[in-house]
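Structure in structure tokens, see below.
For clarity, chains are labelled A, B, C and D in written order, and residue numbers in each chain start from 1.
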Amino acid sequence: MQDFFELIVSGFASGCLYSLMGLSFLLVMRPTGVVNFAVGQYAMLGGFAAVAVMTTILIPPIALPYVPGLLVVLALMALLGAAVEWIAVKPLVDRGAPPVASMLSLLGVLIVLLEVGARFGGTEALPTEPPFGFRRVEFGPFAGTPQSLFTIAVTLVIFAAVWLFFERTLWGRAFEAVSLDRRAAQLMGVNLRLVTVSAFASSAVVAGLVGVLISGTTGAYYQVGMALTVQGFTALVVGGVGRVDGALLGGVLLGLLEALVMRYLPVSSSMTLAVPLVVLLAFLVLRPHGLLANRGGH
Amino acid sequence: MLLVENLVAGYGAAKVLHEVSLEIARGEAAALIGPNGAGKSTLMAAIMGVIEARSGRIVVDGTNVTGHTTHSIMTRGLSLVPEGRRIFAPFTVRDNLRMGSIRLSAGRPGFDERLDYVYGLFPRLKQRESQLGGTLSGGEQQMLAIGRALMSNPRILLLDEPFLGLAPKVIEEIQAAVRILQEQGLTLLLVEQKLDIALNIASRACVLIKGSIALESSSDNLKARSDLDDLYFSLAEKAA
Amino acid sequence: MKSFLTLLAALLALCALGFLLGSYESDVYRKLLLWIALGLSFNFLFGISGQVAFSHFVFLGFGAYWVAISLVHWDLPLAVAIASGLLVAAVAAAMIAIPSTRLEGPYLALATLALGQLFLLGIASGRDLTGGDSGLGGYSLPPILGFTVKGPWYTACIVLMLGLTYVILDRLDRSSFGRACRAIRDNQTAAQAMGINAPRTKVIAFTITSVLASLAGIFYAFVDNLVAPGAFSLESMFILLFMVIVGGTGRQLGAIIGVVVLYMAPFFIEPLIGHYHFMAFGALVVILIIYKPNGLVSMFDPILKRRRMAALEKAQL
Amino acid sequence: MMFSLNLSIATSTAALGLLAAAGGAQSQETIKVGVLVDQTGKTSFYSQPVTEGTLMAVEEVNAAGGVLGRQIELILEDDNGRPDLSATKARKLVDDGVVAIISNSNSGATRQAISVTAESLTPQLASANSAETLTTLDNSCFFQLGPVESLQVKTMLAFTKTKGYGKVALVGDNSGLSTAAVDQFRMGLGEAGVPIVEEQLIPVGSQTAVPQLQKVRAAEPNAIYQVAQIGPQVVQFFQAYQQLGMKQPILGTFNLSSSSYLTTAKGLMDGTVFTDAFDPEKPEAIAFSERFKAKFDKEATSLEAYGHDSVVLIVDAIKRANSTERPAICKAIAETKGLPRVMGAKGTGFDFSRGDRRGFDPEGVVVRAIENNAYTGAVFSGTKN
């Protein structure tokens, strides 16, 4: 039983990372209809950016404390996201090309980002100092590390904030309106450029945050991108494409499922990586709308 | 107040509008009539900056707004009730109206004032305030669409086929509301296929055939025409 | 007839080239020919049929591994190994295609990407059969009818395979099937309204191109006499996609140009820009999609058009 | 970090070119030696430092007048760590007329390149590969300089003999590097009669190793062999170990000597012992480290020493063969005996005279420990206890 409660915490924490990746997909998908597979590379770059600004490993003269360092990284990610939109998506949208053209051009961006990461950060895992460390903390039957609790808390705060933004603020509603009916939203006076740019920027910020969180646990590593992309998209497909709460639910379920399958089912442990892949395929084929019903939009 | 000069616009390779010119004075109610596919909605979209003008210009109160974005054109006092209503179905009535107020510079106090105004015009919307837009009847949705367009406090309201597919009783109800708007001094540009409704509301009508203005005349003159029943047909013949 | 002779001459020239090259060059050359074959079939799948599927390298790998495992572990005769490999590939492709071609754009891309990852995981975990990360080797092409095929003669075999691939795809492209594929790609709803069975057409296109990829994989298995998972990674899949986009999506000539340019580029630009060619490919794809969506092949269009016009005029005289 | 590495490789290549040109002017043409290196792939993080050692050693040889009065010219080829590419690049080097190829890439790539060098019997030296079966492939001119995995197992078993670890667990990751090591450890432990009560892999790309280590904890081993090789997975191992409050001794492999773990797994590794092929207190190693530090202003690791030693071996062979013909060099290498090298325990050197093309001295592996987040010197060496 002790194992089970430990697993809940660590599975939940991994699941939170998947949820955030799902959210990163979603922030762009909902208002623009574009699926950006490069979000995993944002996470990878976010990790290396954290190593660059918080430690002396990549850029020796700069070593900011965690909070200012985090803010700097997220600001850089926002710039990156906006730049990617401006360079690789806007010209296509202006030309009236279909979303699949944007998807392909973003695959080109994916490779550029991957290579930039590998050249700048190298092919070895590089660490940042996690703010809370890895000693064991127990609360009731549960046990985890301060770092895993930090990941969970950050994720819940982000999701709460995003949910409140979309449901409660006028501009959040405007984002929703754009994803429901782009033309009608435009006729309300919604600035579509602003929505699109902020969607790409915020998507990069969320994925970059995942990278920063991971850099503190397993290190920034140039190959984390593709796995996170699959895990994040799976979270989305499981929870229900197009819903913020769906991304959270899907990611957490996936994280828990991975941990429980790993621990209790007699499968080879290298096959745990197959869990999200199999879940993804099963949902795409059997239940493409996910667990929660879609509420319109794309 | 609104001036369209030699406007050319279209989608992709297709040219829909050929040098359309149009002028509407302050406080006037004009109708844009014409058969299906004549380019009426395209003209609306071009005026609102939703599609790009390839040549020609659009002037609002002496300011050239050609090439401006929709939201900046709206701040000049234009607002469009789009064809097919395009309500945000999963939003409540109130949230739909909030969306309409996004370009309202006065902020929260201005919003409350406009909300009261719209609810005064369409009391049924107030009753349905927290109902989802998608659950309203067709007529109520049309009222919501008009109310939403009024939330930005426009000086020129463009209405694209607001009576399409509605029951006669509802049409009357909405016509009455439009008349009130007219009396309050709002400038109106109404797109309508049905001549009787159009000529009832507007004092002047422009007939759009195949992307060009084929005829411009006062409503009274038009009503007096003998070939009114097949006006479009005869104009199309002439154009060809 | 004339086009047949042109093709024959081209294939003979490609074979002849194989006899002129040194060992390193002919290694590069063989892999180039294999890439072209892959590029052609992927172009049909992605460019003509409009399916953004990342499973092409799975089938390449499947063909290569199947024939290697057949020889090393099962001691099958070569002909049986090849025939069974193609058959199993066809069945597997159809089974994958039937559920997955229902998926649109990014969903198909993600599903087939997941499939590719599963394939690599399968290779890693089935190490007794596949040799894991370091691959499966220690075999060679058995004698065919008593002849040991090696060196430029093997290159000639690859040229034959490439020719076969080209002819099959060219025929398909010009047939009503090819038109149906293009119609579905451009507008599925409209195509179905015209009476085209979209799901069936997509499944057939997926299956045929995947089997052709497996065929290329079988030939790949004897190029180095070793199959290792590194060659079938997602990275290779991206390069293939980029080749087709850069050359000109949906055109055979485009695929060939794209493969040749991107395959040969590193040999020339590496001394200039070091190891940044992959990054350059990514950037090139973004630029081409935006500014030259019809690919490099479209640069030759004016010339081709002029020649066709000239031929037409001549015919009229 | 990698930036500076790339740069230094680039600059040293340029410097070599200059040196070679100068050398060529005063005597005959250069002796070409090929290097296969993973500069851009998954294994570049160790292939690059190894190559840095190779470059430094060649520079030293050339500065001291070269060999047979000729300068050595290194031709670097990036194989991306991919076996298929490695074969192509090996062909290129052979066509370029190199007298030998130094393989600094991963063992999969090396293995593929052997199929090429076998055709022309080009001497091929694998600087650091530890895979077990490379020398069984049919190139009699292929030599492996690194310690094979089974040697690590034997040394660790000798070291732990007195501790009485009745049952152990084995944890790796699913990379090719690690699974090969897992195989050898399983085999070695089986031969020694030590039961493995749990064997777990941490998949590359996963976010946590808690489920795997829970299984290990539940099996109650006396010690844990940690043979994961990929950075993030190694770190996850130590994090989960800490998080689950485990107390069993951890026995690692030479992968743990990569100093980056002192930062990635800071403070989590204390008490761990691991086998290494590098003894920092060996006189040759001290001298090498000093020269390296003087040149690059950073600490040398065992990786650079591997790359350095392959040059030592080939230069010695060319000298003794008094020829740059491939068969002569091959023969000379096979006869190498007692040639001092940086790697390995004190007093051990190259020895191919036993008829084994794996030249690492069987008694050359050492055991080191991690205390207070720092590496200790050798606490044990050899396979006899």
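Simple rule for what comes next: contacts are C-beta pairs under 8 Å (C-beta built on N, C-alpha and C of every residue); 3 or more make two chains touch, one makes a residue touch a chain.
Predicted model only: the values in this text are computed from it and were never measured.
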Label of the chain whose CA centroid is most distant from the centroid of subunit D: B
Nearest-to-centre chain - CA centroid comparison: A
Between A-B and A-D, the pair joined by more C-beta contacts: A-D
CA centroid of subunit A to CA centroid of subunit D, Å: 37
Centre-of-Cα separation between subunit C and subunit B, whole angstrom: 54
CA centroid of subunit B to CA centroid of subunit D, Å: 76
For subunit A paired with subunit B, centre-to-centre distance based on mean C-alpha positions, whole Å: 42
Subunit D residues counted as touching two or more neighbouring chains: 6, 40, 174
Interface hub residues of subunit C, defined as touching at least two other chains: 124-125, 275, 278
Overall pattern in which the protein chains touch one another (line/ring/star/complete/other): other
All chain pairs that touch each other: A-B, A-C, A-D, C-D
Of all residues in subunit C, those that touch subunit D in their complex: 22-25, 27-28, 31, 124-125, 127, 132-135, 137-138, 224-226, 228, 230-231, 270, 274-275, 278
Complex contacts: residues of subunit A adjacent to subunit D: 3, 6-7, 10-11, 13-14, 17, 55, 57-58, 118-127, 129, 134-136, 143-145, 148, 214, 217-219, 221, 223-224, 226-227, 255, 258-260, 262-263, 268-273
Touching residues on subunit A, where the partner in the complex is subunit B: 96, 170, 173-174, 176-177, 180-181, 183-193, 295-296
Subunit D to subunit A touching residues, read off their complex: 1-3, 5-6, 40-45, 174, 200-208, 210-212, 214-215, 218, 230-233, 235-236, 239-240, 242-245, 258, 260, 263-264, 266, 268
Interfacial residue positions of subunit C with respect to subunit A in the complex: 52, 99-100, 102-103, 105-107, 109-111, 113-115, 117-118, 121, 124-125, 234, 238, 241-242, 245, 275-276, 278-279, 281-286, 289-291, 293
